[in-house]
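What follows is a set of notes on a single structure, which appears directly below.
Note that the chains take the letters A, B and C in the order they are written out, and that residue 1 is the start of every chain.
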Amino acid sequence: MLKSLKSTAVGFATAALMAGPAISEGHGGPYADYAGTTLIVNFPAHPHYDAVMKILPEFTKETGIEVEVDQLPYLKMRERQTLELGQDEGEYDLIAYVVFSKADYVYADQLENLAKYFMNPKLSDPGYDADDLIDGYVYNIGFAGGNKGYLQGKTGSLFGIPYGSETSILGYRKDIFEKHGLDVPETYDEMLDIACQIPQLEPGMGGVASRAASGHHASHAFLLHLAPLGGRVFDGEWNPIVNNAAGVQAANALKSIVDCGPEGAKNFGFGEALGAFLNGDTAMFLDTTVVAGQIDDPSKSQVVGKVGWALHPMGTRRGSQTGGFGIGIPANAENKEAAFLLMQWLTSKKGDKLVALAGGNPSRFSTHGDADVNAKFPHMATFGEALKHADPDWRPIIPVWGKINADLGTTLSKVLTEDLDIQEALDGVAERTRAVMEEAGYYTWN
Amino acid sequence: MSGAHKKQNSVFYVLIAVLVFMSVGPVLLMFVNSFKLDVDIIGGTTGLLFLPTIQNYETALCDILWYEPEHLDFCALKFGGSFINSLIIALISTGLTLVIGCMGAYALVRFRFMGRDTVSLTTLMVRMLPPAVLLVPVFGLWNNEFCLDKEGLIGGMIRESFGGRGDVCLAGTHSGIILIYVAMNLPFVIWILQSFIVQVPRSLEEAARVDGAGPFQVFFKVVLPLIKPGLAAAAIFTFRIAWNEYLLASALSDRDTKTVPILIVNNMSEFNVEWGVIMATGMLLAIPPIIFTLFASRQIITGMTAGAVKG
Amino acid sequence: MSIARVNRMTPYMFMAPAAVIMAIALIYPLGYMIWGSFRAWDPSQTIGEAEFVGLKNYVTLWNDPNFRESLGVTLKFAFFVVTFELIIGVGLALLLDRNIRGMSLLRTMFILPMMIAPVVVGLMWRYMYHPTVGTFNRTLESLGLPSVDWLGSHALMSVIIADIWQWTPFIFILSLAALQSLPRSALEAARIDGATAWQQIWYIKLPLMMPVLIVTGLLRLIDAFKVLEVILVMTEGGPGLSTEILALRISRTATEFRELGVAAAMSNYLLMLLLILTLGMFAFQRIQEARAARIRAAAEEDV
């Protein structure tokens, strides 16, 4: 009760503060009706959303809408959202969600369909230019109801907007590659080859920094290799094919990366893997694009200015990950219209550029090509190129995925630490996955 | 003879020094690291050759500082708020547990009544409950069952005067966390205090009763002052659990009622392990227990022995 | 008449607040949990909406290799932790049982680890175990020794070491207290009879301390099943399931896998295990008390 007292007091104070200038300065236009509203939003603790925190004051200044942010680590964020979205009336007006939460939320009817907001002339900004948003991400994060149920397609519609688009990219140490006359790897074979040469060329240094810790870290790292090597988790009929040749090859790739990796690589989460690269313990880094900001930050990084970027190496095809977050409006939110205004502002051309300049990951083609942004972050053009190869189907987005993902991650971690046979391990995953899918009703039509 | 004795003695003191180093070392390490920049921690500038900085503490405490630290773009951590939540929850739950607990212990020691054995046995049994076992039911009950309808009389009043949305539930409030902490700690407190109350001479109580004091007066005026050492010990242990607990608090708290342990675990976010800041928050969380240890170690030891030996 | 009624009501009035709170917040939730363990229960449902599935959750768990592995890890953890803590704690107590100046200061130092939040203990050790920047590997490196993959291939050992660090002092202090309250006369007599230090420990001190030791050990054993935060912060249960103790698995099942029913069933398994231990503790204590009384009487007779 005390806390409600506190938040109300804060609410009153801000309302009183905002009401004054909002009226006297005469905020006209679309935001006038909502000035003084306080939106409660749920964002992850993540470099992109740290950048968002820096630009939110700009939004408040412009619109008079206050934003209170509840920032949580993203697994926690999901737990919290599960609880909040299940209530009749929830606290959050706007949420950021991970891609695979999309399946759960849309399936349980907990996210607003955005059509009615974009149709509302009072809310929808005519200059928004939705075509400029990166296609793969809109389909991956925003759409539901199309092909396979979770992709774009004739039956699909929009439930969220990608915000904080990431893809995988290869960072490499220019100095090390130059010193030993190595070429930047284009293919998987080349990358694995160089990865295992590094420990001999530079004693004490590992090849590639990769996550591998039990759970979603290991699973993520595996899926990262699965798509470019030509594999998929399911075939067209939802049969698990994670144990086919491509799957085994991907697991082997992960294993050699970890074996030729830095000290302790078997138990690296994302933070440790990045830390190793920042500390100069590895020559390469293959993971999401969000790290660029930290690599250039001298208070965190020992490799400032030494890192070059290249596309995620090819296997049988190019297929980098589509990850990151989307933002959507919970069906049980209190201030849905104001929340839409915030969402539209954040993903507009202006907002996207602001967040990119603050160190975030832009979601628009135009921002990746923007001269100011490229002047500040020269890697942005490569990142834009990488986004074109982003594979929206690199991992399935179905409600039971959480369970399969946990199993996959635990099993792979056993492969890495306990030398479980790869084929046997993946066969086990496939078998258990089949049971999960059976129970969830995916084979009803077979 | 005395030479050998001396030698034995010096071996003995070396052993003690090693033990002290082992038990205090990690805490000191954390203390030292909390004054280093991340680059210094990770970069391996070993030893004590570094420039101490309070930057980590500034980052942690940014929401209650009177100035804005220069190195921060925005205040992400809000440690101050959590610290206040932790204080509120730990102090109130300790107070309640003590009052309720010693009344219960008194009843169990001094009176024979129907159901006494059942109560006594239940108390002992629930002392063994791991918090993890309570996680599922407490999560379910506090969120869904222990609620007041927002249309109802009291629920409506609460919503009207305090704001917020949805039915008025225990989850997400200080009271909700306090309730489960009081319940969790009661068995232990009753257990410890029993052994102290037994030692209060009955004659004193009877004398007071002859003077016309009622049972509650006897309890508060005669018994309570005599079991102060026991109360102190029980208070420290209760406070320690309420202050340090993570699991149940993380299931029950929302953004306004987060306690410090939750904040620390959350802050070990996978994207960015900021060792310096984490060590600073850890240090701040550890300060109250360290103070207790330094000033009340006698009571702690009394409590421990009473708790274990007087089963 | 009314005074008599008040008197009869007095114990109930004293007991009522504690009883009510424990009934609402401990007993009722336990019943609720048992009820829930028979259901397929999702966090977004209330318990009433969840489907009744009978014993399915229990059967699934029993056949689930992950659950069994986690149970195994829990038992291993508890066993090693308690064994080592008893050996080291009692050993130190026997070594340090003499009058030294500053003993109370020393004890203060030893209590410190116990009082610090498990979350903080976890993060300190996670830092010290860190493969490259951690204290241990840096020390090993500077000594020219190969570094150890603490939280990787030796994760269970590493979390056991952290727990031993935190809780050995508990056993040490209790054994020291027990040692110092032993009847001096018995020890005196033994010394006069020319018993060596070893003989004194083996035939007199240890048997006399035994009741306290067993209770302490069992208390630690029960507490070992409660450990969660330290491991959560250090390893999150990994790598694989190598440090995923039951308490952690319950919390993951409830929050990450979103299966409250299964988590409830798992809680019940853990509860049953602890119940057996607790009952064992009661029984042991009764037997030991009787035996200790006999030994003490015998020892005093000898004088």
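Assume a residue touches a chain if its C-beta (ideal position, glycine included) is under 8 Å from a C-beta of that chain, and two chains touch if they have at least 3 such contacts.
Every value quoted in this text rests on a predicted model; they were computed, and no experiment measured them.
Novice: Among all other chains, pick the one whose mean CA position is farthest from the mean CA position of chain B.
Specialist: Result for max centroid distance from chain B is chain A.
Novice: Please work out which of A-C and B-C is bridged by more C-beta pairs in contact, and write that pair.
Specialist: B-C
Novice: Provide the C-alpha centroid distance between chain A and chain B, rounded to the nearest whole angstrom.
Specialist: So the centroids are 37 Å from each other.
Novice: Quick one: report the Å distance separating chain A from chain C, using the average Cα coordinate of each chain.
Specialist: Each chain's C-alpha centroid was found; their separation is 40 Å.
Novice: Between chain B and chain C, what is the separation of their C-alpha centroids in Å?
Specialist: Once rounded, the distance between the two centres reads 18 Å.
Novice: Give me the residue numbers in chain A that touch at least two other chains, ranges are fine.
Specialist: As it turns out, chain A has residues touching two or more other chains at 83, 272, 275, 279.
Novice: At least two partner chains per residue is the criterion; list those residues in chain C.
Specialist: 43, 133, 255
Novice: Which positions in chain B are in touch with at least two other chains?
Specialist: Those would be 42, 268.
Novice: Looking at the complex, which residues from chain C come into contact with chain B?
Specialist: Residues of chain C touching chain B: 6-8, 10-12, 14-15, 17-19, 21-22, 24-30, 32-33, 36, 41, 43, 46-47, 92, 95-96, 100, 104, 106-113, 115-120, 123-125, 127-128, 133, 135, 138, 142, 165, 169-170, 173-174, 177-178, 212, 215-216, 219, 222, 225-226, 228-229, 232-233, 246-248, 250-251, 254-255, 260, 263-264, 267, 270-271, 274-275, 277-278, 281, 285.
Novice: In their complex, what parts of chain A are in touch with chain C?
Specialist: 75, 79, 82-83, 85-86, 108, 213-215, 262-264, 266-267, 272, 275-276, 279, 281, 402-403, 406, 410, 413-414, 416-418
Novice: Residues of chain B touching chain C in their complex?
Specialist: Residues in contact with chain C: 12, 15-16, 19-20, 22-24, 26-27, 29-30, 33, 41-42, 44, 46, 99-101, 103-104, 106-108, 110-113, 116, 119, 122-126, 128-141, 144-145, 179-180, 182-184, 186-187, 190, 215, 219, 240, 243-244, 246-247, 251, 261, 264-265, 268, 275, 278-279, 282, 285-286, 289-290, 292-294, 297-298, 300-301, 304-305, 308-309, 311.
Novice: Sort out for me which residues of chain A touch chain B in the complex.
Specialist: 1-8, 11, 45-47, 50, 53-54, 70-73, 76, 80, 83, 87-91, 217, 269-272, 274-275, 278-279, 290, 294, 298-300, 302, 334
Novice: Under the stated contact criterion, what part of chain C meets chain A in this complex?
Specialist: 43-45, 66, 130-133, 137, 147, 149-153, 155, 235-242, 255-258
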